[in-house]
Amino acid sequence: DRRKPGKTEESSPRKEQDKIEFLSGIFEGKTTGAPLAFMIRNRDFKSGDYDHLKESYRPSHADFTYEAKYGIRDHRGGGRSSARETAVRVAGGAIAKLFLRKTGIEILAYVSQIGKIKANVNVEEIRFETIEHSALRCPDKEASNKMKFLLEELKKEGDTTGGIVTCLVKNVPAGLGEPVYDKLEAELAKAILSINAVKGFDIGSGFQSAEMKGSEHSDQFLMENGKVSTKTNFSGGIQGGISNGQDIYFRVAFKPVATLMADQQTINKSGKSITLHGKGRHDVCVVPRAVPIVEAMTALVLADAWLQNRCAKFN
Amino acid sequence: DRRKPGKTEESSPRKEQDKIEFLSGIFEGKTTGAPLAFMIRNRDFKSGDYDHLKESYRPSHADFTYEAKYGIRDHRGGGRSSARETAVRVAGGAIAKLFLRKTGIEILAYVSQIGKIKANVNVEEIRFETIEHSALRCPDKEASNKMKFLLEELKKEGDTTGGIVTCLVKNVPAGLGEPVYDKLEAELAKAILSINAVKGFDIGSGFQSAEMKGSEHSDQFLMENGKVSTKTNFSGGIQGGISNGQDIYFRVAFKPVATLMADQQTINKSGKSITLHGKGRHDVCVVPRAVPIVEAMTALVLADAWLQNRCAKFN
Amino acid sequence: DRRKPGKTEESSPRKEQDKIEFLSGIFEGKTTGAPLAFMIRNRDFKSGDYDHLKESYRPSHADFTYEAKYGIRDHRGGGRSSARETAVRVAGGAIAKLFLRKTGIEILAYVSQIGKIKANVNVEEIRFETIEHSALRCPDKEASNKMKFLLEELKKEGDTTGGIVTCLVKNVPAGLGEPVYDKLEAELAKAILSINAVKGFDIGSGFQSAEMKGSEHSDQFLMENGKVSTKTNFSGGIQGGISNGQDIYFRVAFKPVATLMADQQTINKSGKSITLHGKGRHDVCVVPRAVPIVEAMTALVLADAWLQNRCAKFN
Amino acid sequence: DRRKPGKTEESSPRKEQDKIEFLSGIFEGKTTGAPLAFMIRNRDFKSGDYDHLKESYRPSHADFTYEAKYGIRDHRGGGRSSARETAVRVAGGAIAKLFLRKTGIEILAYVSQIGKIKANVNVEEIRFETIEHSALRCPDKEASNKMKFLLEELKKEGDTTGGIVTCLVKNVPAGLGEPVYDKLEAELAKAILSINAVKGFDIGSGFQSAEMKGSEHSDQFLMENGKVSTKTNFSGGIQGGISNGQDIYFRVAFKPVATLMADQQTINKSGKSITLHGKGRHDVCVVPRAVPIVEAMTALVLADAWLQNRCAKFN
């Protein structure tokens, strides 16, 4: 369960045993063509832990919006808006990755920024092992140490921080993605923005491109080992919504964790001002744990794109 | 046709008369419930203009990816990957806006950055008229003048630039958007990333949130005129994928226009190196013309969300 | 559990306790807006019972087609092609019926034919109680007795029979259904043909209409208690794909149960001829047990149509 | 344009030139991968012809239901509920057939009944040419002559009749169709019931199966030229929602044409009784013209199923 490294003190001490129970689709160790249904039960869970939140609208949480939409709210831990929900995404993504392995496509995400500390990473050299050996899933050792120190400081303050995950997709064949409304980058953006706490997505040159000149940004085509390649890759591996065979890479911005150990002002259901006192178990920074979630959503999008593209070719 | 301001010399001198022909769905001035079908014919179009591109893969264009995917390519002007395609989005968005007007929802997009020049805008005071009075659709007059000068310089060089559009959605009721995979920000991100030349999307505090602390980022709830409101709006009007009644705002990064007047190196279909010579009619900066496209896609997403939310309420 | 009347000797003596476990969507006795997920575990199930079928292609079953499609087959009881699968349809339909009750729409299905014995039913007088009081769910007592006798005879022979279920939907408002490709009768036909063992569907005058003249078949409009009504109802309550406010009624043909107690010739996976010997527990006629399944699928289609129609009305 | 044989006096003397204008997706005679958009303009059309129907609800037409649903109605000829709409289905089906030709799948529909006159057809011997040589698209010459006589009689009376189209699909590979809710017969049923004037669909043994015994209906598997085949084909080529390699065949019931030359009683929008006088141009029997529409819808379903099945196979 990569969603739960639990290697540093900064991670939440919650010890949920994410056990997957497969309900259908597997027979004698093989998939049968039936839908794969699985279930992860919430084991480490006491209703009482959340009683003090029954009437409160926690700041920057979904308590108020769920109640505004549905007129009713299961207050025990955020319900569907809880990050617990992402456990099934990681499980689903793992299956998509098994499939992608056969196509050669490889997905590597890592922490590239926490607070103001930015990692310095050479994407050519990055390896899965380097990322996973780091407690914070940051392949730049120096930055990683600074991040660790920052998180320790924030923990003492009862505060939290945001960060950035960068995702790299290698060995993508040219031709994946559908043009116009379902461009590959549009599908990726939707999948990524559906992850809890994500506030931004940019691909290739991204927000940086706003400041660039066309002459700088031009990804000149050239031949490399008999294959069409590009000299630079500001496009981030996608042109006109379709993969061009170069690496796809994008950044994902995560806001700071909303649950604080420090006191917070807010209101309750009746509109009365209340003070929330920090309680329970929460992360200082969710970003290292978010790495496998970003990978999972990316794997699901690429597996879909791969199958859709294959289907379109009839010969 | 707001897609085509044509007010400054920086805009492309192409004079396409975007005439909409309605094919179905309207009878005696009213919609009939049948799908609204309409068509915009490409009038100002000479096949010959594109003959020199038949065999070329233009850098940072979709020539190569379309050919890789489909094995065939209509080389006359980019086909579906042309920005011409967005004309129908603006037309569709105009209909969505007519609908949204009845709900009170208002959408305002503007140019907030061109190259390195950033506009200084007070979102409380911004008005549609101020935006449209500006040739560059930038409500900050000082920045707008600098941008104009920058574009003139770039034009002389045969170069282009990127920029940023900011979009503001006002009077959104609480409750729009579906949780988990179809969060409102996820739908917006997909719609926006499906626009040509877009490289990034962020909402509320966006990429900035990565550097923030939880204590700074906390959108404290309070009562305002008997309504639940928030003191700050780092969430950008959406929490847990559902609108909370505050303004929705997001930024959209556009890469520089790929077609240059200056020469560019690239290859042709046979893999031979060639030099492309600038020719034809192209924008120095697409961002002012992109404003109504951003608004249109936003309007379509919000109209869908409004209807979907209403449908869920049965009483 | 109406799927399992178990009142007559003709029904299968299998005693599966269809216990529903709700996994999500309910909190303190109310739906929360989250998807209702539930699970019915197969309790009365011994893998060994099916061992003799591991290599066989049972005639008129899906053994061969599943293996042809997926290259692998879970031979224990038919898997997804088993009628056990319909238990979840009945559970889902029960929820749709709770919803429809608020709209006033009522669904009544009954057995109208078994083998060659046809029931004589006055649709104006039919009541839910009359149907459920009949062990065979046939409201015509005389026919019901004959059917019972027929089923006893067939049981002795180790044989089975087909039959027809008629479904009546009352108090449908005018306006449900979408025209052209998603006509209300088209949605009903798909839902019904997706039920195991169904071989035919016809609505209103149905196959009989092929022999009728236009002058006979004309559903003359008239006013009745200030409401638009029709003198006859050959249309079966739907015109141009949209409900007209009259009763919807349709017939559903079920083939005879394929599993026989008598011996059957067939082949196995290797293509060798084999003889299947009847064994285990099977119905002589599935039609009485199919009544709630037909109702459930009808309820799901009408609940969808009701919501879709409401959504289209914006005032 | 096979939808418009116009060979006999029984067909409507309307001379609409169904000219297809392709709007996108074709370049230099080849499809480009872009959606094929085409348009058939209604040429032979005078608004005035329909003025007398502006306020009337024609019996067994969709005038009333469209008005009940949308609150507005384009009275000129039925709008989307007109059989004119099916012209695009035939065009779309023609493209699906071009595709299916490469897979070997062949679709043959024919008139098997008009009024009470039933054709006697040997499905083994039926050929496309035999069907198309018949003015009524009925391959049984004797029945065809009787049908012709019947239609002449009805024409004199100003009356109309219904009929049945039988459709045969040959060379279907085993494995097409998705189980459970999207069974191949369910998709066919939906597509067929979406055709104007269709009141029934049955497949294989169909409604006849209700009267059959399991021992009669059992499609015994056997080997034939090294391939799995069945001795009988009561299943109609589909088992458990998946094609089994045998011929698919089904029947489609059409109601009589609703527009009569004889007078009809009905009401108008205000609820007042009125008499409609036959006027204009209408068919005595739509069934021969419906043959290519049934084929087209069948081709579209099978092309989808073929692609979906291929997509599922990854090796």
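Just so it is clear, A, B, C and D label the chains in written order, and each chain counts residues from 1 on its own.
Here is the rule we use: contacts are C-beta pairs under 8 Å (C-beta built on N, C-alpha and C of every residue); 3 or more make two chains touch, one makes a residue touch a chain.
Since the structure is predicted, the reported quantities are computational estimates derived from the model, not experimental observations.
Chemist: Specify the chain most distant from chain D by Cα centroid.
Modeler: A
Chemist: Expressed in ° and rounded to a multiple of 5, what is the rotation angle of the C-alpha superposition of chain A on chain D?
Modeler: Angle of rotation between the two copies: 180 degrees.
Chemist: How many angstrom lie between the CA centroids of chain A and chain D, rounded to a whole number?
Modeler: A distance of 49 Å separates the two centres.
Chemist: Where the CA atoms of chain A average out and where those of chain C average out, how many Å apart are those spots?
Modeler: That pair's centroid distance is 44 Å.
Chemist: In angstrom, rounded to a whole number, how far apart do the mean CA points of chain C and chain D lie?
Modeler: 25
Chemist: Identify all positions of chain C at which a residue touches two or more other chains, and write them in rising order.
Modeler: Within chain C, residues 33-34, 66, 69, 80, 179, 312 contact more than one other chain.
Chemist: Drawing the touching chains as a network, do you get a line, a ring, a star, a complete graph or other?
Modeler: Graph shape, chains as nodes and touching pairs as edges: complete.
Chemist: Over in the complex, which chain C residues touch chain A? Could you list them?
Modeler: Residue list for chain C touching chain A: 23, 27, 30-34, 39, 66, 69-70, 72-74, 79-80.
Chemist: Sort out for me which residues of chain B touch chain C in the complex.
Modeler: Within the complex, chain B contacts chain C at residues 33-34, 99, 102, 179, 307-308, 310-312, 314.
Chemist: Given the complex with chain C, which residues does chain D contribute to the contact?
Modeler: 57, 59-62, 64-66, 68-69, 78, 80-81, 85, 113-116, 154, 157, 159-164, 174-175, 179-183, 185-194, 196, 198-207, 209-223, 226, 228, 230, 234-236, 238-245, 251, 253-260, 262, 264-267, 271, 273, 309, 312
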